[in-house]
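Residue numbering begins at 1 within each chain, and the chains themselves are lettered A, B, C and D in the order written.
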Amino acid sequence: MNDESAFAGSEGAESRPAEFTLELPSDLRMIEAAVGYLVSRCRAFAFEGPRLDLNFRVGVTEAIANAVLYGNSSDPDKTVRVDVSLDDQRVVICVADEGEGFDPAGVPDPTAPGNLDSPGGRGLFLIRKLMDEIEYNDRGNAVRMVLVRTVPARRSGKGKR
Amino acid sequence: MNDESAFAGSEGAESRPAEFTLELPSDLRMIEAAVGYLVSRCRAFAFEGPRLDLNFRVGVTEAIANAVLYGNSSDPDKTVRVDVSLDDQRVVICVADEGEGFDPAGVPDPTAPGNLDSPGGRGLFLIRKLMDEIEYNDRGNAVRMVLVRTVPARRSGKGKR
Amino acid sequence: MSFHTSQENGVVVVDVDGQLIVGNRQELKQKVLDELEGGERKFLIDFANTGYIDSSGLGVLVSLSKKIREQGGELRLSNLNEDLRTLFELTKLDTLFSIADSREEALSSF
Amino acid sequence: MSFHTSQENGVVVVDVDGQLIVGNRQELKQKVLDELEGGERKFLIDFANTGYIDSSGLGVLVSLSKKIREQGGELRLSNLNEDLRTLFELTKLDTLFSIADSREEALSSF
């Protein structure tokens, strides 16, 4: 259903961005298939390696899971919208839910000594570590993440900091 | 992510149509959640009973399953788009895949004597029986189904024929 | 969907909880075929707790019924609610299956 | 995801096939807790066939480790590929778990 079929193959990806969208029910069971679709589309544009398999995959999984669980509170009447735009330099992923939003600055650091053995609280932290840019809208119900496709550093998984 | 929040509750549904959309990865495992979302949205607009739980649910499940299996051949690079429009009289559901299409007139009748014990071939037949109108585009990769919300006949499950 | 099987008077009874649809029908099929392989011949699938069935679910029932008959066994169905019964009538599968109103009725008629 | 458990020299070994993520972590948790309930105390989770883990998957490992320690038992991990290792390092969970390169190494050190 996407319009960028003109880009099929990696050549087109050099010139203008490929775009793809999902609009998903608020159900955790669909996350694997949704992320699988996005990864596969990215791969078709010659994006690959740990930046795709680790950074993109985990970052997007976390953002969608939070949108389903906290944003939409698994409300069967709400959807999560994912918009991805990919050019030869970077991929931009927006994940939006229909929730009230939250204050991302208020989320504690899970690597602080007292938090290390907490069962939760690592999702947003991983997004911040794995993505090159992350920004919430004012309300806090939509996140925009940017991931550079290749980094000079050798260990792509830890490409920043 | 849908814009018709103005309709929340059943009152608004009387005046102009509610619209909702899903864009889904080609994965059979998400069908239950997708149909659950659509049914739940319909219910919020006071559509209920066997026409929702049987006709809508089964018809939409069949159309999405065919889009995933035959239209997109479960290709992880392809999506299925579902657009639903609901007013106080009827619901219109469009299911589109990214496949080559097919000729629906060529599908045999599964209730013909020789076909009765075939394991497959009942999906399109059920859509035709359960929906009030069904129409494919010329290519055959998008189906538009119309279901009237209430029918005069008492057995809603078999509201036509 | 989840389902569980039990033995009642030499009949393998399978309860289907939730939807029996294209995404999960394989599980039911495998389970019943395993029992058939293990020597069981009498089967009852009970739909008292079933939400809905799609054409793939119907297809699995048809192919199980065939396989069981080929081994000299029998498959019966029970507790179809009105919506499920409508599906069987529309597809004329009500003529292919032996459908009982209640579990007891199905069990006593084997 | 699917996983299977086996016994090797008194250690319950769990192989995780596929993703360990928010949609399926409950299964792994329940399985290990059942074994713990049943009296087992030594656990090894092997990630040789694991695709990726998300924060919920990491969280399940943390809470299992805690519960096992509370019962005087021990949980070890083995065969993390480079990507998985990166996740443990980023979250500093590599300091919380005993992580072995290979299954044999993990088993021999219990």
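Criterion: a contact is a pair of C-beta atoms (placed from the backbone, for glycine too) under 8 Å apart; a residue touches a chain by one contact, two chains touch by 3 or more.
Remember, it's a predicted structure, so these values are computed and weren't measured experimentally.
S.K.: Which chains are shared contacts of chain A and chain D?
M.R.: Intersection of chain A and chain D contact lists gives nothing.
S.K.: Hey, which chain ends up farthest from chain A, C-alpha centres compared?
M.R.: C
S.K.: Where the centres are mean C-alpha positions, what is the separation of chain B from chain C, in Å?
M.R.: Averaging C-alpha atoms per chain gives centres 26 Å apart.
S.K.: So what's the Cα centroid distance for chain C and chain D, whole Å?
M.R.: Centre separation, chain C to chain D: 38 Å.
S.K.: Using CA atom averages as chain centres, what separation in Å is found between chain A and chain C?
M.R.: Going by mean C-alpha positions, chain A sits 43 Å from chain C.
S.K.: Whole-Å distance, chain A centre to chain B centre, using C-alpha means?
M.R.: 30
S.K.: Among all residues of chain B, which ones touch two or more of the remaining chains?
M.R.: Residues 29-30, 32 of chain B each touch two or more of the other chains.
S.K.: Edges wherever two chains touch, nodes for the chains themselves; is that graph a line, a ring, a star, complete, or other here?
M.R.: Topology of touching chains reads as a line.
S.K.: For this structure, give each pair of chains that are touching.
M.R.: A-B, A-D, B-C
S.K.: If we count contacts the way the header does, which residues on chain A are in touch with chain B in the complex?
M.R.: Residue positions touching the partner: 1-2, 20-27, 29-30, 32-34, 36-37, 40-41, 44, 76-81, 96-98.
S.K.: Given the complex with chain C, which residues does chain B contribute to the contact?
M.R.: Listed in rising order, the residues of chain B that touch chain C are 28-32, 50, 53-54, 57-58, 61-62, 65, 69, 110-111, 116-123, 125-126, 129-130, 155, 157-158.
S.K.: Could you pull out which chain C residues touch chain B in their complex?
M.R.: Going through chain C, the ones touching chain B are 19, 21-23, 52-56, 58-60, 62-63, 65-66, 82-83, 86-87, 89-93, 95-96.
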